[in-house]
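What follows is chain A paired twice: with chain B in the first complex and chain C in the second.
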Partner chain A sequence: MHHLLEGAFALNTMNNIADSNDVLWMSEGDLYLEHVFEDTTLVYCKPSGDTHFLSFLPADILKLIEKKPMSISALHTHFLTEYEFSENDLPLSIMKDAITQLDEIGLAWPSAADAK
Partner chain B sequence: MFSKQMVIHMSQDLHSDLPPSQKDEDSIRQSRRNLLKMAGAGVPMVITMKASAQQVLISQLRCAFVLGVRQRVLVDPAGNAWVSSRNIRRNNTKGLRLDSIEEFKASATFIGSATGMAGAPPQFRPTACPQGGDGDQYDDWTTCGYNYYRLGRNTNIKPADFLSGSTWNIGSSSRGLYLELSRQMAEGPLSTNGWPGISCVISVLTYLQMNGG
Partner chain C sequence: MPYKPLNQFNSRDLAAALKAGSLALEAGAFSHVIEGRGSKLVEFMQDVYRDYPVSLYPEDVTDNIVRVRAPNFIRRFIRPQILPDPGFEFPSVPMPASMSPLVLEMGLNLSVALKTMRFVSFHAGVVDGPDGAIIMSAESGGGKSTLTAALVEQGFRLLSDEFALLGLDEPTLNAYPRPISLKNESIDVVRGLAGEDWISQTVEGSPKGDIAYRRPRASDIADAHKTAKPKLILFPFFEEGLSPLAERLNPAEAIMRLIPASTNYSMLGEPAYRSLLQLVLDAPAYEVSYGTLEDSLKLVEDLYAEAGGNQ
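Moving on to the complex of A and B:
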């Protein structure tokens, strides 16, 4: 519930927060169950009871930020290297969109220090 | 000079020289590029299937509890109920022993009108002893005036088994009686400390309240 509340806060302010490259984003693996089908990941969110279909990018973001909070710019740098993509293939705006969409379903939220 | 056909042929040969894993990686990378292009054009990267109301209901009401110690419930004709893990001495012919009843009451949690609670529902109440008659009375024993319900240790109770939609349907079993009394404890003025199963019952009641039950 705590995380859902944080998620709700983030939802109200996400336009500002997701635009900031400095905010650290986080998640918790205990919140959901997942099953991977190639580049689509099925995620069952325990608090909401909803099931989400995630494309490969938000699914990979989730795995990363549940290990440690990361900023959008750090995520962007990480995935440019991991996927061997150019900035043209993976613009920063796509990273922001992916985080925003994870935020909307309560699976990602700004770390407590950033949410204050 | 190479002909166009030769160039195509060479290109195919070059591609076929790549190890299978490299070909797979290239294919995956290209597929991902296309997915990101779609995302850039506004196609959602997250699609949600909402849980139906029925699915939520089932998951929220799934709790069950097991009695760690036996529980006994004594009910009088007014619906007053006493709940304790002690036993009352019984005899098949003479009924319940009166002094044992008093000891049981002294050790029990009382649920009844005197504590602002409804107590046992009508189907659990005994008929009163006949006025002025003592045909059912032996010295120190009684066969009337009380119903005595016993729930053994390890009795498993699933509140959802006693719900029809959001309406309680507790029937006439000992487990139904215990659940009904637990429900009254959860909503009543007495402390619920140590009442077996109370957290499960409270969670079900909370869910029903949140959903208009």
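Moving on to the complex of A and C:
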């Protein structure tokens, strides 16, 4: 029971982190190998040994947060500007989902400053 | 003791070596020590493995030991049963002793599937033609073995009916020619193509239905040291009545289909990823579906030619 509660708490905490627009997210290019095929990116995650398919959005997010940690709202703003999307085209929830997915597969994580 | 073709040994010596667990068999990339009892096992090996190099008392190191053994002492004598023992814990349902050919083949497959570290292994039939190899990866019942056997009849060299063995340093394919496993209707189909002499006795009533084996040619065994360059990757799907169709796959889709078919990808990690990636970049991949063997052969002929190979 304790473990179940602990697991539920951890999941809740993770969702809260992704829900927070202030947390800075980061990644490291040394931790994965990528190969771009037209509109999809194949990524091999070295720590987990898993291979993933990424669409352009999470693949581009990875590239950005690898250069410098960014918050979800900053990423959102970047994509709205860069690709001239409207809020309807790219709602903030999609950005949160993409970060959550990258977090779950071990390719993105909150920066150390936020962890403190 | 030196390796000689199995058909140069008599039944008594073969049975004694099998009982002692000292019969070493070379099959391309792997050498196995085999242990087992019973005339059925000896007869099967004398038929299907007749051209393979064996040593009855090997001095060299072999890749693994496969035992065909009773699950317990009682089952050696009362309603005898056997199971494959590849040298590690593996859940196996005991089978009647009359199914020793099937159990031996299962044991050899398990040992290669779960203990191979030198190659990326994935479930596939592989044949080599004049301009490169064709990899056929399919789930059980997808028609892979029938197609592999039919291509062998057309002159392709058999690398394997069960495993594609891809090098880790470079994506070349290594041969592991073992008997081609045929199930149910495909037994008569391949018997019609190859001739009666090339097909083993049928093991009836196995969990997968009736099973028989197409014996590899002596030339496939003799050439097993030769590697092959991948030319074409196919994901075949057979269903009676289907119209022939070939659909080109993006390399990323191809690799994502090969990974689940691999038995050791997650254990090998990054080198396996790099090797598979190079494979899908080098060789075009297609999903092919068909309803007859004739249609499948025509599809393969066209795709092989398109990939730059001459059939």
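Assume the second predicted complex is superposed on the first by the 104 of 116 C-alpha atoms of A that agree within 3 Å, B and C clash if a C-alpha of one lies under 4 Å from a C-alpha of the other, contacts with A are read in each partner's own complex, and residues count from 1 in each chain.
Methods note: a residue touches a chain if its C-beta (ideal position, glycine included) is under 8 Å from a C-beta of that chain, and two chains touch if they have at least 3 such contacts.
Bear in mind the structure is a predicted one, so any value in this text is a computation, not a measurement.
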Could you say whether A:51 touches chain B, chain C, both of them, or neither, answering first, second, both or neither?
-> both
Using the touch definition from the top, say if A:22 reaches chain B (first), chain C (second), both or neither.
-> neither
Is A:93 contacted by the first partner chain B, the second partner chain C, both or neither?
-> first
Please work out whether A:82 is in contact with chain B alone, chain C alone, both, or neither, and reply first, second, both or neither.
-> neither
Give the label of whichever partner, chain B or chain C, reaches more residues of chain A.
-> B
Identify the partner contact of A:33: answer first if only chain B is touched, second if only chain C is, both if each is, neither if none is.
-> second
Taking the two structures together, which residues of chain A meet both chain B and chain C?
-> 49-51, 53
Per the touch rule above, chain A residues touching chain B in the complex are 39, 48-58, 83-85, 89-91, 93-94, 97-98, 101-102, 104-105
Would you tell me which residues of chain A are touching chain C in their complex?
-> 33, 35, 37-38, 40, 42, 44, 46, 49-51, 53
Note: in the complex, chain B contacts chain A through residues 28-29, 31-33, 35-36, 39-40, 44-51, 55-56, 59
Residues of chain C touching chain A in the complex = 250-252, 255-256, 259, 266, 269-270, 273-274, 277
